[in-house]
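So that we are looking at the same thing, I have put the structure below in structure tokens.
Chain IDs A, B, C and D follow the sequence of writing; residue 1 opens each chain.
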Amino acid sequence: MDTKDIIISLAYLVSAILFILCLKGLTKPRTAVRGNLFGALGMFVAVVVTLFNNNILGYGEIIFGLAVGAGIGAFLAVKIEMTAMPQMVALFNGFGGLASVLVAGAELLVLSGTVQEAFAKNPKIATAPEGTTAMLIAGLLAGLIGAVTFSGSLIAFAKLQEIKAFKKPFDYPMKQAINGALALIVFGLFVLAVSSPGSFWPYMLLTIVALVLGVTLVNPIGGADMPVVIALLNSYSGLAAAATGFVLNNSVLIIAGSLVGASGIILTQIMCKAMNRSLTHVLFGVMEAGESSMTDDEVYAGKVKSTSGDEVAMLFDSAQRVVIVPGYGLAVAQAQHAVRDLTNVLESMDIEVEFAIHPVAGRMPGHMNVLLAEAEIPYEQLKEMDVINPSFAQTDVTLVIGANDVVNPVARTDPNSPIAGMPILDVDKSRTVVVIKRSLSPGFAGIPNPLFAADNCLMFFGDGKKALLDLIAALKESM
Amino acid sequence: MDTKDIIISLAYLVSAILFILCLKGLTKPRTAVRGNLFGALGMFVAVVVTLFNNNILGYGEIIFGLAVGAGIGAFLAVKIEMTAMPQMVALFNGFGGLASVLVAGAELLVLSGTVQEAFAKNPKIATAPEGTTAMLIAGLLAGLIGAVTFSGSLIAFAKLQEIKAFKKPFDYPMKQAINGALALIVFGLFVLAVSSPGSFWPYMLLTIVALVLGVTLVNPIGGADMPVVIALLNSYSGLAAAATGFVLNNSVLIIAGSLVGASGIILTQIMCKAMNRSLTHVLFGVMEAGESSMTDDEVYAGKVKSTSGDEVAMLFDSAQRVVIVPGYGLAVAQAQHAVRDLTNVLESMDIEVEFAIHPVAGRMPGHMNVLLAEAEIPYEQLKEMDVINPSFAQTDVTLVIGANDVVNPVARTDPNSPIAGMPILDVDKSRTVVVIKRSLSPGFAGIPNPLFAADNCLMFFGDGKKALLDLIAALKESM
Amino acid sequence: MGLLAVITAGELLAGITVFVLAVFVGFEIITKIPPTLHTPLMSGSNAISGITLVGALLSAGADHGFLATTLGTAAVIMATVNAVGGFLVTNRMLEMFRKKK
Amino acid sequence: MGLLAVITAGELLAGITVFVLAVFVGFEIITKIPPTLHTPLMSGSNAISGITLVGALLSAGADHGFLATTLGTAAVIMATVNAVGGFLVTNRMLEMFRKKK
């Protein structure tokens, strides 16, 4: 080890520390921006010192690759719409997984060549050089995990992007049996590859099968569970990077990869808990408890009162306090700016307006915060569930926009419902509830909502954005 | 590396993991016992596999040392009184520090021999073998830190054990200047030792000076701050162990040592916060803010009402709810069993009895819990400050036993007092307060307590245990 | 085609030790996170997993023959997208929260 | 008197990496502790620092001459007192809390 190597190693340690500080910073609102910068700095340090590595001979390909990659990455990151963030993360994650597959591939290719040469020179030796097996195992793990991450992330991306062909899971018989068979094949190829260190093709086959496995694993999972899946795949891509670290005997890869792998698992668990789902259920695509105990008819028949923009405007006229409950439908309708306009109008009428943010409203954690922040609605106006729940009793009008499950009182009453036990926003306690949605169709959990049939509830049917614009127009007219 | 070495390394990793789980377990009441067992198991694993190390040739000394050490350790641990725990920890910690000094000494002794031989064989080479400097630095650090830990811990032990000669700091002029001079000498010896790898005597000198430094550093610190000092010295002894790990290139030493070093620093900070002290102030022996703004006379003159056992017994006769506030004096008087007896008597009179536990009552964190647990007072009866404070208004009699600062209302009123801002137990809100202590002398903070002069406060002067026995006798008589 | 440095048992053990410790750091570092930060945290840690870039650079630059170099260069592109895009997206999300405060 | 194995730069760097990671684990692992557990935690981690025992065993058993062996044996005694006494005392403190529950 010459002095340069020592400096490179120390720089890797610095960048590993920066990654740790990055993750730590990202867990607190006050330090999150700085944390992210630490992470970027860590990456920069790691890349720069790597360029000084003695083993790097050609710089042409490297500079080309860096430039192209940075261009694509920056373009996507800057151009993407705020509401498309989750699928963007999925896509990036997939790229990371693929990169691990390729790196492991390149190294194992060279390794197989090395082993062949060793055997050619001395045909009598029966075993490959020391360390070969360890490198092989690490490389195969990197390829396997990376490939599953890649194809799985692409499916997750397609589902979140609501690409037609992927909206419903592909249906084919014996899903679990096929997954089992694929896993067996993977195992067999793994053993084969380890026992024939001179061949590269088992690695290629393994990767291809792993790609298929990634598809079949993520395919049956519903679009709404994708955030959890992405968090899990993110953890995987960390593990894949750590595995390549073992192949290359590189500490920063091992540390950063295993950091992401471990913290990703914790984050996955936290997200599952916030959505009241268990990880096994997410992964096997099962909704907790099957059937709703009540049919739509029983719940709604004859009890639903529909309303219009003018009528709601009149309600607001006499209101002093309004709470707005945004849900997934707000994101679908892209109505965040319309909500801001409505808020401004209501405030100009001296009405106190607050937003009730349910932790799992929408389809990703913090979805509503991101959405409303994009429309520049002041942070102080967004109240978390625990804070706002006691105040519904003093609220004149609660306006529910495209939310359903998070205001479904069944969670409190029916222990058999899929959302049983999930804390909900107690909108039914307010004087009047107005719900904006397109129809009576259910939300993510697929169950009817007795709120819509409650005495103090009015349904304002229509697309979220259109309904809001109607409402604003009606309000302005009456002013 | 042969297979045995690999197994030893993996076993070290297992024991490092067990140590991590130990520390983690010890932070939660439910898992603390298990955590401690994990730690012991980790140590057992580490010791057993070390015995298989190829470098170990003689087992006689080892078995002798293990047997003697285990005997002494077990004897002390089992025989020691519960209330003497803090000084016992200090003593053990000192031994750990000394062990690091001796290990580093043995290794550096051999190293100096190796270097001499190398020079002797080839007088022309000017530099010692690769790695010598690193080992030297690590060994010197182990010796330095270990020696400071050892002598510092012994002084802490002596102060906590209330050994006469150590009760007051030794007084000599220019304390800080002398410390500075010692630090300079240490630095000089360090440089000298690194630059002459063939000699062992600089290490010996360094250790001796470090021993003196440990004494002069801890000497001025007041006995009541000792828990913080012990926590800090504990962190040091971890760092010393980690340093010996670098000398021996042994990962479990490095991991376990740095774990203890880092967690010890966090624990020190947490303890400082709980005592409302800053670490710098503890280390430089300064009480926050100097003078009390009121003299004893101003506070007490003519306003203190003294009472007797019989009188207090009568008070209890008509009481429904009694809160007992234990303080340092309870530990001094060893009155924990008397308190339990009193509680039983009061409960047999259908009086509700609860204990108010202030976080820094006594002289070590959790002091009161340990003390009362020893007397088998049920855990549920001990209430933390935040829980019990609101209930003082509904309390008929509050019995303060040997507590002073933690019930001093000055903390709320006088921003210049040394305990300003410390949350206190609001005993003055109860109908009657009875304080058991020997005199009007102040507590740890050295300030008078206006509570003792309050209208609803009665002083029951006497040693804590004697006063309680009087009280119990009086209660039994009147029954 | 060049030869590859193989790893010794000692290096492997050191790697495993580092791995285990980093896993513990990863487990411990994330305890409570406000829901708002779930997505940025996911995205930021995803960007960190772009560290494969270091491996990709070594593969692409090592001159181990055309195929290995091509694989390496493709890996450099992918990993750079992941890292650069990841940190930028995370920053964009966080900036949005910040300017409201 | 035998010779000592010296450390290579690679081993030293690995050691430093392990050190840094373990320090992070130590920092992160302790966040909130109820005051009751301050003393047991201090005592338990003090017992862990008795790990010097491993170093002491190596010094005592290495047969590097009388003086080194004597120093090592003394270190074995000291470190064993620290470790054995430490875990036992911690256990005693904790048992006291437990039986009340």
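The working rule: contacts are C-beta pairs under 8 Å (C-beta built on N, C-alpha and C of every residue); 3 or more make two chains touch, one makes a residue touch a chain.
Quick caveat: nothing in here was measured; it's all calculated off a predicted structure.
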Which of A-C and A-D has more C-beta pairs touching across its chains: A-C
Euclidean distance of C-alpha centroids - chain A vs chain C, Å: 18
Chain A-chain B separation of Cα centroids, rounded to whole Å: 47
Gap in Å, rounded to a whole number, between the CA centres of chain C and chain B: 42
Contacts with 2+ other chains: residues of chain B: 16, 20, 24, 251, 255
Contacts with 2+ other chains: residues of chain D: 8-11, 14, 17-18, 21-22, 24-25, 28-29, 31
Chain pairs that touch, as defined at the top of this document: A-C, A-D, B-C, B-D, C-D
Complex interface listing, chain C residues touching chain B: 8-10, 13-14, 16-17, 20-21, 24, 28
Chain A - residues contacting chain C, complex: 16, 19-20, 22-24, 26-29, 32-33, 35-37, 39-40, 42-43, 46-47, 50-51, 53, 55-59, 61-62, 64-66, 68-70, 72-74, 76-78, 80, 82, 85-86, 88-89, 92-93, 95-96, 98-100, 102-103, 105-107, 109-111, 113-114, 117, 129-132, 134-135, 227, 230-231, 234, 237-238, 240-242, 244-267, 270-271, 274, 359-360, 364-367, 369-370, 373-374, 376-379
Residue ranges of chain D in contact with chain C within the complex: 10-11, 14, 17-18, 21-22, 24-25, 28-29, 31
Chain D to chain B touching residues, read off their complex: 1-9, 11-12, 15, 18-19, 22-27, 29-65, 67-69, 71-98, 100-101
Chain B - residues contacting chain C, complex: 1, 5-6, 9-10, 13, 16-17, 20, 24, 251, 255
